[in-house]
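Shared between the two complexes below is subunit A, which pairs with subunit B and subunit C, respectively.
Up next, the complex of A and B:
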C-alpha cells in the first residue's frame, strides 16, 4: 500500500517536474507536510480512488502509461472511457483475491506435451512474392519503413 | 424439404447417388444467400465464382466415375469459414480494418484438410474483430443478425458462421472458440457447435487471439455432421507446436443412441449463474431423458466455477496483447500515413486499425502484464486456473460427461450489451471453464424459449473424449427429435 502511494506520487512528480521541483526546494515546510500536499494534489488532479483494503484502482495517468506501452494513441475521451471501463473490469477481476493460492502451482499448459523440437533441416518456405504482396511498402527484398529517427 | 435445410451427410449421399449435382446443391445455397444475406449479413466475403468453378470441376470428377471409393463424407458440400482462418489468395480480415486488404500467402491446416475432403468454400464469415466479443457487433464491417429474429445478435465471436449455417446459406462452417465463441453462437442460432480438446486440431493459419485457449471446431446442423467434420479436422500437424500426436479415430462410430454406461454429472454451480428459468428447466428435462435411457445421473460440484470468468479476463487479454503486437504496420496489414517517426508509425497504425473492444483488451492485457502487476494478476490467474483444472480432474475421475446450459440467456438484442463490456463478458460464464482446462465441449439445440428463440445445452468431457460427447449429444438429439420439427432459417 505504502509503496503504491509513493509510486503514484513519483509518477505525478515526474509528469510535471518543473513545478514540483520548485516546490520541493522551498524550505518553509517539513518534508512530511510537502508529502501530504503532493498527495492531496495527486488525489484531486487524477482522482486516484482508494478502495477497500487499500487496493488502488486504475487512474488516468496509468491509462496513459499503459497506452504508451501498448503503442496505442488514445484520445482524451478514450482515456476517460478506459479509466472507467477498465476500472470496473479490474474490480471484477480482483474477486480472485478471495482465493487462497499460497501452495498452488501456476498452470503452464493444459495438455501434457513435452518440449517440441523439429529437425534443423532446410524446408520449403513460403513464396517471397506472395509475402511481399501484403507489404505496405517494399524496396527489392526489404520491407520499407519511414525514417526511424525523427525528422 | 428444400436442399438448404438438409444435413451434409444427406446431401453428400444424394450427390453420390447422382440425384443432384454438386452444382445444383451450390446453386440452391447461392439462391438462399441471394434471398436473405442482405438481412442476415453473415459473410464478409462471398467466393461465388470460385465456388461455381470448383463445383463444376467436382461434377466432372464424379461423371468420370473413378473417384467414388475415395470420396470423403463431405465431398461437394458448400462450407463457410470464419474470417480468422487463413485462405490462400482469398481476403482474410479477422473482422478488422487492420487486415481489410490482407490476402494470405498460405492456407490454414484446417482449410487444407477440408479442401482435400472435397468441400467447397462459399465464403468467409463475419466475426467480432480478432474473435473478441460475444455478439459479432465488434466486427469492423457490420453486425450479423440472428436468423431466428433479426433484431437479435447471433452470438459471437463466430456469429457469422453460426448465422450462415442456421439460415441455410452454407451446410456447415468452421469457427474458433477461445472462451465460448463456437458454442455460444451455436446455442443462440439453434445449431450444433463443438470445441475440440486443446491440441487436437491444428491452429496453423488461425489468426491468434489467446494461444493457450484458442481451438478450431465445426458449427453444423446436426451432431452427425459434427462427427464428419471432426474426422477431417483432427490430426497431428508439425506446423503447430501444440498439436498432439494420437492415433486416428472414426467419430461416426460414436453416432449411436446408447448412454447406458454413461455416468453423467450435473455441476450445481453452473445452474447458479443467473440462468434464465426456461433454460434451466429445459436442461433438466434433457438430463431426465438421458437418465431414463439408462445414464447414471448425479449432482457434482466444481467449487471454483465462479472464478473462471475473472481468470479468463486476465489471461485472454494478456495473451491477446502479446499476440496482437505483430500488427505494427511494417510487414503486412494497414499502415498509417503522415507519421513522424517509427514509434509514431506503430501507435498511429494500431490506433486507426483496431476497434474499441480490441484496444480495450490490449490495454487490459498490457496493464496486467506490466511491471508491478504481473504477480498480482497474471500469475494469480494461472494459479486459479490450476484450481479450476483440478476441479474438473476430481469430477472426471468418477464421471464421463458433465451437462449444463450453454448460455445464461437466449439471444439478446443488438446494442443491448454494447455499452457495458462487463455485461457482455458475462455471457461466456458457462463456456470459459472448458477453455481454461482445455477439455472438449459441445452445444446442441434442445428446444425454444417462450418467444421462439433457440436454447442450447452444453456437454463437457475429458481430454480427447470427443467420441463420448458425440454419443451423448447424438442420443439426446435423436430422442428430442427436434431436427424434424425445426424450421431452419428466418422465422419472422
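Up next, the complex of A and C:
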C-alpha cells in the first residue's frame, strides 16, 4: 500500500500541481479548504527546498507567509494545526527522495499534445446580462469592487 | 570629494500585439468598447474553461525576436503567475516564466552625440493583459471609495521585451524606446500607442560609483505614461539616489511610481512586499514546438526594418543621412515620403517639405502619425502646381496647411479660395498702375535712389492681389513702368 502511495505522489509531482491537490484532497478528507489552498501555494517553494536539502520541511513562519499571500486570516491555533498537518503530508512526499531522477527530464504536461492553436478570428462574446450574472455588485457596465490601492 | 555615479538602467516594455481576437479566446480586442462587453467565460476566468492559443500571436513574437536579433526557443511553454488584484479575474496571469519564446538579442543604436551603444535583450515573452481598474472615490473621497472593473482588456495579447541593464542615461533610454517603437511599428505587430496603453514601459535603475563594480540597490519604476515621463522619472531618480549616496546613505530597494502631478517618484511597495508570484507550469496549454522551418518562413516575410530603409533611402534617392534618419523614424512618414516621390520625382524637395512644414504641423497640432489624413499624392500635386506656376511658393504653404487639416485635394483648395496665381500681364498692369497712382511719395523716393521704395511698391501690389500675383511678373512690370 505504501508503495502505491509513493507511486501516486510521484506521478502527481512530476505532472501537475493540481494533481497533488486532487490526490491529497481525496486522501486527507479531514483537512479543510484553507489548508488545501496553503498546500497548493507552497508547491513551488517545496520544489526548491526539496532540491536543496533533499527533504521537505515546513515551519510556522512559512505557513504564515503563504497564508498572507493567499489573503487568508489564520488564528495562531490554526497555524499550529496546519504546520503539524502539512508536516505529515510532506512526510509522504519526502519518500520521493529515494527515487533517482538524475536522467529524468522534468515533466510539465502529462498529455502528449503540443502546438494547439486557434486562428485569429473574433467570436461572439457573452451576452451582456450573462456577463454580470454572477457578479455580487455592478455599476452600469462595470464590476464593482471595494477600493484597492497599490499592489 | 563626492564620487560621480553612473546610472545603470534596464527597461521592460509591454507591447500590445495587433490582433483581431484575444490571446486565448475569440473575444474582440477592439479599443474603446463599452466596459466588459468583450468578455467570455475564458477571459472572465470562469471555472472549467480551456484557453486555446491564438496562432498569429506566436508569429508576431517570433517576428519581434528576429528583428531584435534574438534566438527563438525551439520549445517553450506557458506558466501561471499568481497574485490577487481585482483586474485579474483568474487570480493568475498566463505568462512565460523559465522558457520564454525569444532570448539573447540586441539592438545597436547611437545616442544624441552619435556615440554608438548596444542594448542587449534578455528575453521576449508572451502573456495576457489584465483588465482595467477605475478608482472612483465616493462621498467625501475618503477611503470608502470603490473600484470599477472593466475586463475588456483581459486576455489581450502582449509581448514583454526585457533588456539587460545596458542603458546608461535617460537619453539612451529614450533612443532605445524610439528605436524599439519604430521597429514594432515597421513590423506592423503593435500600434505602440502609449495613450491607449498599447505600449507600456517599466524601468529598473541603480547607481554605481564611477570606477567601481559595486552595483547599488535597484529601484523599480512604474506608471510612466509617455517617453517624456520616463525620461523625467529617470532624471528624478538619478538626482534622488545621487543625493542619498553622496550623503553616505543607502538606497532602499523598492518599487516606486512616477507621479505626473508633482513630478516625483513615490514609494509604491517595499522589498518585503515584493511579488512572490509562485509560478506554476500552465497545465491548460500544451507546450509549443517551434520548427526551424516556421522560423525560416517568418524570416522571409520580415518587412524592411528602419535602419535598412534608412540606407535604402540614402542610396535610392540620394538623400542626406539626416533626412533619411528623420523620415524613417516612423513607417508612415517614410511611406508618405515614398508615395509623394513616386509622383513627384524630386526627393530632396519632397523631403524638405516633410521635414519643414509637415513635421512642424504634426508637432504644433500634437498629432500621431496614424491621425494624418494628408496623402503623399496630394503633396506631389501641390509641388507640381508650384512648378507649373499655378501657385506661388508662398501660397503653396497656405494650401499645404489647409490640405494637412482637411485632407482635401490641393487643386480644389486653390479653386475654392481663389488662390490661383495671376499670370496675366495686362491684368497685373492695371493693378500696378493703381498702386503707382496711390503712392506718389514712394515713386519720388525711388527716383531719389531709395531701393527700399521699389520693394515697398512690390509689396503693395502683392497686398492688392492678396498675395496671388506672380511675383516675378510684378517685378518686371513695375520695373518697366518706373523706367518710362
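Everything below uses one rule, namely that the second predicted complex is superposed on the first by the 93 of 151 C-alpha atoms of A that agree within 3 Å, B and C clash if a C-alpha of one lies under 4 Å from a C-alpha of the other, contacts with A are read in each partner's own complex, and residues count from 1 in each chain.
The rule is short, and it goes like this: contacts are C-beta pairs under 8 Å (C-beta built on N, C-alpha and C of every residue); 3 or more make two chains touch, one makes a residue touch a chain.
Remember, predicted model here, so these are calculated numbers, not experimental data.
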Request  = Check whether A:141 is in contact with subunit B, with subunit C, with both or with neither, and answer first, second, both or neither.
outcome  = second
Going by the contact rule set out at the top, does A:105 touch subunit B (first), subunit C (second), both, or neither? first
On the A-aligned overlay, A:121 touches which partner chain: subunit B = first, subunit C = second, or both, or neither? second
Discussion item. A:113 in the overlay: touching subunit B, subunit C, both, or neither? Say first, second, both or neither.
Written reply: both
Does the superposition put A:89 against subunit B (first), subunit C (second), both, or neither?
-> first
Of the partners subunit B and subunit C, which touch A:131 in the superposed model: first, second, both, neither? both
The chain contacting more residues of subunit A, comparing subunit B with subunit C, is B
**Study point:** Touching partner for A:74 - first (subunit B), second (subunit C), both, neither
**Key:** first
After superposition on chain A, the subunit A residues reached by both subunit B and subunit C are 65, 69, 71, 108-109, 111, 113, 116, 118, 126, 131, 134, 143, 145-151
Subunit C residues touching subunit A in their complex are 19-21, 25-28, 34-41, 44, 46, 52-58, 77, 82-86, 133-137, 143-151, 268-269, 276, 278-281, 283, 285-289
Given the complex, residues on subunit A that touch subunit C span 16-18, 41, 43-45, 65, 69, 71, 108-109, 111, 113-126, 128, 131-132, 134, 139-151
Residue set of subunit A touching subunit B in the complex reads 7, 58, 62-63, 65-67, 69-74, 78, 82, 85-86, 88-90, 92-97, 99, 101, 104-111, 113, 116, 118, 126-127, 130-131, 133-137, 143, 145-151
Interface with subunit A, subunit B side, in the complex: residues 88, 102-103, 105-106, 197-199, 212, 238, 241-242, 244, 304, 306-307, 310-311, 313-314, 321, 325, 328-335, 339-343, 345-348, 350-351, 354, 356, 359-360, 362-364, 366-368, 370, 372, 377, 379-387, 389, 421-422, 425, 436-438, 463
